[in-house]
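Sharing a structure, written as structure tokens. Questions coming.
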Amino acid sequence: MTNTQVTLAQIDNYGPWTVTPNPRKEVDLQTLQSRLYADLSQLVGMHGGYVFFTRFDNMVAITNGLDLEDHARIQESIGNRYPVTLSFGIGTSTSPRDALVDATALLQEAGSAQDAERAEVLAGQTTEPTPAEDDDVHLAHFDVNDATGEYTDELDAYSTFIHIEQAYASLMRYLHDAHDGLAFFVGGDNVIAVVPDLERAAYEDAIRHVREDVDMDLKVGVGSGVTAQDAGMAAKHALEICREDGTHVEGL
Amino acid sequence: MTNTQVTLAQIDNYGPWTVTPNPRKEVDLQTLQSRLYADLSQLVGMHGGYVFFTRFDNMVAITNGLDLEDHARIQESIGNRYPVTLSFGIGTSTSPRDALVDATALLQEAGSAQDAERAEVLAGQTTEPTPAEDDDVHLAHFDVNDATGEYTDELDAYSTFIHIEQAYASLMRYLHDAHDGLAFFVGGDNVIAVVPDLERAAYEDAIRHVREDVDMDLKVGVGSGVTAQDAGMAAKHALEICREDGTHVEGL
Amino acid sequence: MTNTQVTLAQIDNYGPWTVTPNPRKEVDLQTLQSRLYADLSQLVGMHGGYVFFTRFDNMVAITNGLDLEDHARIQESIGNRYPVTLSFGIGTSTSPRDALVDATALLQEAGSAQDAERAEVLAGQTTEPTPAEDDDVHLAHFDVNDATGEYTDELDAYSTFIHIEQAYASLMRYLHDAHDGLAFFVGGDNVIAVVPDLERAAYEDAIRHVREDVDMDLKVGVGSGVTAQDAGMAAKHALEICREDGTHVEGL
Amino acid sequence: MTNTQVTLAQIDNYGPWTVTPNPRKEVDLQTLQSRLYADLSQLVGMHGGYVFFTRFDNMVAITNGLDLEDHARIQESIGNRYPVTLSFGIGTSTSPRDALVDATALLQEAGSAQDAERAEVLAGQTTEPTPAEDDDVHLAHFDVNDATGEYTDELDAYSTFIHIEQAYASLMRYLHDAHDGLAFFVGGDNVIAVVPDLERAAYEDAIRHVREDVDMDLKVGVGSGVTAQDAGMAAKHALEICREDGTHVEGL
């Protein structure tokens, strides 16, 4: 049964920091944010987890396989190497959406994202002592059919970007509202969604929704596993089957 | 007069590389992409330019102040340190939109984004020998009014993310279609747009459009300069005035 | 009983790569090397291990706590993100010196460091299935007494550097030849040595040797643990006691 | 005429920071130091300069081509992205040794390396307004003859390391005391020295000194230029001629 562990990682008091005492150079903020994300990806990834950059000051991670001590060590490592600190809220649920709702509530109870006193909160419980199961995490890896041939090599880069962005926006709202899933753009024309245990019909419906909404054709590979990495790699292989066979949903 | 120099940076043959010989671990791809972006930001930023992560495999940069040799040295530096290479197409125009259209066309003429033979293309011309002017680059820095109080501290993290994303999607399409501007999400609740020389009414119209379209309140600081960094820092200071005075458009 | 697991990490065919087809820019090589070292430190460190930069193209790691699969995943992660690959030879022994001799021999048997065909070798066995013990790893953390007051704030930077370097050179040879230890400069005025289970007299002797050899006064904190990190943190705390109490050897 | 501009970069109050409030994890310190060095290399390198890691908390840079404003922007960029700050002392001289003596004195006058109040000092003058000349910077790039065949593939890794280290220690003291040069290990079996305008006899003498002192055979390529990068690339090409022709000194 799905048992997704979701961690909300929030940079403490980041907004005020970026303009104190004066606005900091944008190039430095961009570098700071993207490297902090890369480091968090590696640290969480060593335990099999995934991190999505989301808004960069608020990142969402799938952390099945990481206990509280692992979270604390990651906070310490970031705190030792960056001028900012991270707070973590952790939620678990059969619904990824509910898990993130719980994770967010824990951080909000601890204080505002712009509270200068709130730092390195670690709130919530991990899936332990429930034993890990092969279907704890379900990931769906979507991409756009022939994105290079239809868009990248044909339209100007911004028009392609608008198309990709529209498909993503349509998909993220649909999966969230209709199926309790959390979808994230991960670069190129790729979206990875953490989802409950959905039927094939749900994926076909999601793809149809995006086609009707914004006229973009998606395909999806689905995978399950003990960790995000296991599920994600299974989803990637399923997506490769879509590519080879010209199908739209594989892995179920 | 506006004379924006836009560079399209495209990772060569990236899609096929990510699945050769088998799909590579997502955590490594995320780390690679975000660090490549961070490095490109620093390298371009040393000359006063801005890079936007866009789709990560296709990044858009404002490169006034960088000549062809600067571009070539950046390609060399990335090529020496990453397992992938970058191609650059460069366009200049009074319209940022047109500049990117030209930059894209140059790369498309050189070959497909998934052409294994196309590598480290450097195509296009920079603004030289036209002398740099104080109004070559116009940047508009938007954010959401009281994003922390209205969204981050109130809604769950994904619902906040959907709201921010909708405002951004609405703004990016409006600025592009109505005003030849290119808007990019830069983290948190911030969007930076490279624009032509627009009147105050255009910004008020854009903010009204987003409010009517998705019920989100934006404000904007506008700045001009010889480089993106000069224009961007002026825009940030103008945005601080909005915050202090409760206004919606400053810097014009 | 001491059971040190030492991994020799060697960049494959690095020398030829740095001059193919022409010498690559030194700034890029320096960046590549130091970031590769930083990444390896984090990846090994997530499992409790330590990496020493040594010659950068040949790095020595204390890897108790990492099995062969962990090593393979680290190779894969580096291979996915860098233009070069790493080979690993692993040795275990009650003598750190012998462990590294064995680790080196395994790589040499697999091919030359400049063999274009040899890539991502993973050779040797880890300590498993022997159960981990609290005294598997012994680390000694040395520094120079009042280095800032005696050297950094008094002499020019290069003369200080020569003094520090001489103390380190004297210590590294002594510990290796007399006590089977491997000492590494880790920055500032600090040297960390992985050692067998030594008596207090051995440390006093080493400190006396350096004083007589190059007229520099050292102190040392010693610690033991299941992993390098456990032993290293105990050694740091012992060194703090030296600082507070004005003693020369603590932690035994 | 030689006119070397040397910058001493010192992390402010680093020693106390590493143990406040308790000793920080060594893996994080190693990562912080090596990434800070990599970033400084890139930032200085964009202007043609070289940085040597030296002791990591004290780094030496050849900064011909960078003015005071460039130095200030680099300090700002590091300060925006790291939990520590950098102070810079700048000296210029026909003698690299004297330039670093002057650079060090300026920082020492501003306060101790462990003064909690001293931060982001920028002291000294650059070579301006003296016009840059083709022979402002002289670099000598040394390596060990057949290091792979004689050492890396033959001895255990630590014994090789001791040999390389001894050659380097012998060379650094000789060049400093006899010829006012500053030599730095840069990884592998490579040493780069910034030197005055020396005759061929001086290099032959240095190589003979190392051979007699520690029985290691070196060769050297020498280059000059307006910046460290120009001089360094010329030196690398000269060293390649040594490799091809079996000679010991090239580039003069």
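All chains are identified by letter, namely A, B, C and D, in their written order; residue positions are counted from 1 within each chain.
One rule holds in what follows: a residue touches a chain if its C-beta (ideal position, glycine included) is under 8 Å from a C-beta of that chain, and two chains touch if they have at least 3 such contacts.
If you want to know which protein each chain is, UniProt gives these names: A, B, C, D = GTP cyclohydrolase III.
Just so it is clear, the model here is predicted, and its values are computed rather than measured.
The minimal number of chain-to-chain contact steps leading from chain A to chain D is 1. Among the other chains, the CA centroid farthest from that of chain B is the one of C.
If each chain is reduced to the centroid of its CA atoms, chain B and chain D end up 37 Å from each other. If you average the Cα atoms of chain A and of chain B, the two centres end up 22 Å apart. Multi-chain contact residues of chain B (touching two or more other chains): 25, 27-29, 31, 35, 42, 77.
Across the interface of their complex, chain A is touched by residues 39, 42-43, 46-47, 77 of chain C.
Residue ranges on chain A touching chain D, taken from their complex, read 24-25, 27-29, 31-32, 35, 76-77, 79-83. Residues of chain D touching chain C in their complex: 8, 14-15, 19, 23, 25-31, 33-35, 37-38, 41-42, 44-45, 50-51, 53-58, 60, 97, 100-101, 103-105, 108, 112-114, 148, 152-158, 160-162, 164-166, 169, 172-173, 176, 182, 186-189, 192, 229, 232-233, 236-237, 239-240.
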